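Here it is, the structure, as structure tokens.
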């Protein structure tokens, strides 16, 4: 009795609003700030536009039309490059997946309770992720010369950043209670992680690795810009020939698309098998 | 002591076969990969030894005289990426609902999923061409290219979030007599908005980095600087660019954390 | 806007381009794709745009683009009226969209450049004929001096039907390096036996490999390749085109501009050019076109 | 009044959820349904507001066969039956007030509810309901900041705001500890008495059932095996509901498979 | 023998988990600790295997002060004290046998356990334990395919496999329905008697406590307020433990904030 009376009753005599005024004000300010920034950006980016936007769709459709129909017979020329791209992605993904494990554990709050280590790993991964893939590729080409190796290295570093983040987040959501039980029954750190944690994250781990594999296949297009090999380079030089090669380019895109779909399919099947 | 061991597990033939097939395929994939790819380590390492001093020290001794230019270009990039990502975030919402299993049903969501996949299949270069033709070579073409490129990825991520919502809450609203729209606004949106926001902000960061596309459309931006710095082997300028990107992304990280705390 | 009736761009000949001449746009967009066949690669077109705007009294917006395919398509849609396009891009633009060359750049006192064949000095390769069975390094297949011209020359000289046969039958292998300096490097490192680059790309890596000039030698050159163009779309009226031409040519007499052109773009001067000068590129293009579309 | 007339329900996978259920629940009653896990308690309760649809028989609510209802009627039916869930089913990220106002959704136009434009009356009703379950000071807290018992009280407030004629509660205390459970049950009972709302509650615990119920319905394998006032529950009733004598059963663990 | 000598524990955030606890638990006893939520039951029990570390006093297990233990000794201590949790704490995705074998972790080398190379003896011990709790037929089922009661029995089997000297059970039946709860308590009691393993159990339910305990320890706000045989529990004990007469309390819900 006394308890609920000592609680300061809300001053509102009126029925309350759904959100407190302060929250409302904050959200409103943020909202308008975003809208203002958006309008400003739109205005700023359009300052150099000549002519009006009404022709845009027609123009776009007419270029897009030049890509169709795709020249599927061109596929026979690019099997090798496609294979190479997949092989690069396989190697890069495998290595990234291996390196990710310790990094992800170190950057998961619930596993690495030693704060400085946790923050150091986090910061390192954040920095890694800020580096654009293009810069990575350029730097590695600068270091190792042209060829497959810089391409693979760029893919490794690039996917490491994403993978470690995603996996550490997965680790942070696991049920910690079995780990506690393992600890209570006298298991050492590695035993606890292996028997308590690994079974919980394995399905997610697999599907994230496959997701990164897919990203790596797509990223080969970017690598093409810097001569790091693969299908991207072919696409790049086809586009140099202008519109007559557009159907070839489209054939390449369709092929990449199919490969990615196959990977997606396999990954869903594999996940089913694992869960 | 007499040992009584547990009986051997009886795995179904299907499972056994599946395990065998998966194992063999994976082994085959790796064999194929390692046979197909030959890396010349010796050459790469020689090259590394030779180039290391030319690249790495330069990267770490940024060319501060380029600071002004980098800052200005970075600002341009932010405007373009912001407009593009916000547009994408808005476009991705309806698409993600169309592609979510639990909103459209397993089969009706297929076209949506395919559409999102198809958008993602278009490389930057081609998106760039499309939009340059549409609106000319300028920052706005960059905005559009980024918007479309990001829509594919955001739509996919959003639809995955929608697929993970807590169904019980939806049922709670239905039991109150709420209709479909009300359920959407009361049970679905509150659950997904925070994640949508995080992904949108994350994508904004990605768009700031992945700005090579902007160079192609003549939108300027940091991507163009990267292309030229690399073409001219200007490593110390590349260092400055990197610093610029790291600073901006970090600032965005903090701002977005702040905003998320307010809104979520 | 300009030339509204002109929807059927580029479907038929020059006649239409002439018809459309009439109005003057209030703003001109100038697209610039820096030449990859050059030592330093310029990243701005601002000085040129500013001066042009001054001379013409029309607002001129200059944009640097990193890929000429996009520029060609943009000119086709009349989103860009004045383009600084490499020769090969010009030919595409001309064939598809009737884009017309008006000027070209002069480098090292010449309106043309050549591609060269670089081999190791001790390789024993003396002539093009010795290249059979060797490994070929080039930047990429869209490079005029790195690929198209040398390939064309070899195909003609050794009677090879198409580029695929050249790459697989004549040569024993190819290395696509992504850039001229990389190609030279590939030969220097022994990854390839011959590189085709612009003349003389060896100097590109001389800083890092001081002995490159002795270690590598040039065994031949291709025909002359016309330099980068300044081209205009057919929608631009003749009078304005003339004005633009005059304005650019006037830069040659302007100390300040010459200095800029030299420093930023590596140009000595700008000179008039006609479509005919690009016939040699066009012919080459025709040959490759066939091999692409099957 | 709710009348089950020979109601059966077979789930799409073939499980028999309900089997020839005949039960009449009068207005104002406080009925507790007990039974083992899987006995069909939830199925019975969810039939009443058509979260599941029986496959046979007829189910009359206020003399109308609700099995024939389609979307519009269904909304009406659900508006007049409030439901409380074991896991509270609150929108964790919305604040308490918004969660409680969701109880008015059935009474509010779609547009108004989207823009949070509730009438003053609705808002004060919501606030009143929060007061009734003694949780008004948490009005702006997010639902996930509350303890289990508090969340369940919010969900009761939500139902109160709905001003239903019937309250259905599906194991409202299963996630709570005993003192909090008693507290929640007490609130439910209080509301039942004060507002004369017919209340149907599922419980695992027969002892708690006996303490609060006017009437107990025992279920087993989809069938009603006991129906009578709490005072009539005997040792034998236990046996009927739990399949055999309770003590014995517990020792053997035979009820699980 | 476990001796708490003036043990106190303050959590980093300032909460007083234990306050001057003095308790001695003799070998072979079956002790039940009761108390309201937040009373410190879990804290007490977790101190014994050092999942939490008291900040004051000394805690002797088999005459050694375990508060001074560091990693190696700690592993030994944990190997000899088995623990059963409210939520069973099984690895849901691993099968029953693997979960039970985890009880041997403390006795097994890291490498051997990573490659699942448990000795034949360990495996047969695990299987024996499963048999003792009557769940041997589920040996290859995944843990998430089992019902709550079955999962708790698996976790008992895990502890049995560990062959501990002490069993600590932190609300082992809180997630279970009454029949299953009795069943689990019965197994615990049986093991206590057959193997003479000292067993300490936390419970919410004082009635259940009285049924199984040799001895009951009542806690409130971190302090031991009752300690004696089950037979000595009176109405007054209730009041001491729950702070006031039990019924009143429940009605007010005053234990929540």
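Chains here go by letter, A, B, C, D and E, matching the order in which they are written, and residues are numbered from 1 within each.
Keep this in mind: a contact is a pair of C-beta atoms (placed from the backbone, for glycine too) under 8 Å apart; a residue touches a chain by one contact, two chains touch by 3 or more.
Bear in mind the structure is a predicted one, so any value in this text is a computation, not a measurement.
The chains in contact with subunit A and with subunit E alike are B, D.
Separation of subunit A from subunit B in touch steps, taking the shortest path, is 1.
When chain pairs are compared by their number of contacting C-beta pairs, A-B comes first. Each chain gets a centre from the mean of its Cα atoms; the one farthest from the centre of subunit D is C.
Computed from the mean C-alpha positions, the centre of subunit B lies at a distance of 45 Å from the centre of subunit D. Distance from the subunit B centre to the subunit C centre is 35 Å, each centre being the mean of its Cα atoms. Here the spacing of subunit B and subunit E, counted between their Cα centres, is 47 Å. With touch defined as above, residues shared between interfaces to two or more other chains in subunit B number as follows: 40, 43, 47, 51, 54, 125, 129, 133-136, 138, 219, 227. Looking at subunit D, one finds that residues 98, 134 touch two or more other chains. The set of subunit C residues that touch two or more partner chains comprises 29, 61, 63, 67, 69, 73, 76-77, 79, 179, 189, 191.
Which chains touch which is summed up as A-B, A-C, A-D, A-E, B-C, B-D, B-E, D-E. Contact residues on subunit A toward subunit D in their complex (touch as defined above): 4, 7-10, 12, 14-20, 23.
By the touch criterion given at the top, residues 1, 3-7, 9-10 of subunit B touch subunit E in their complex. Those residues of subunit D that touch subunit A in the complex are listed here as 95, 97-98, 101, 116, 118, 120-127, 134, 136-137, 139-140. Subunit A meets subunit B in the complex at residues 23, 26-27, 30, 34, 37-38, 40-42, 44-51, 53, 55-57, 59-60, 62-64, 67, 83-84, 86-88, 90-91, 94, 126-127, 130-135, 138-139, 142-145, 147-149, 152, 218, 221-222, 225-226, 232, 235-236, 239, 249, 253-254, 256-257, 260-261, 264, 270, 273.
Those residues of subunit B whose C-beta lies close enough to touch subunit D in the complex are 166, 168-169, 171-179, 181-182, 185-187, 190-191, 193-194, 264.
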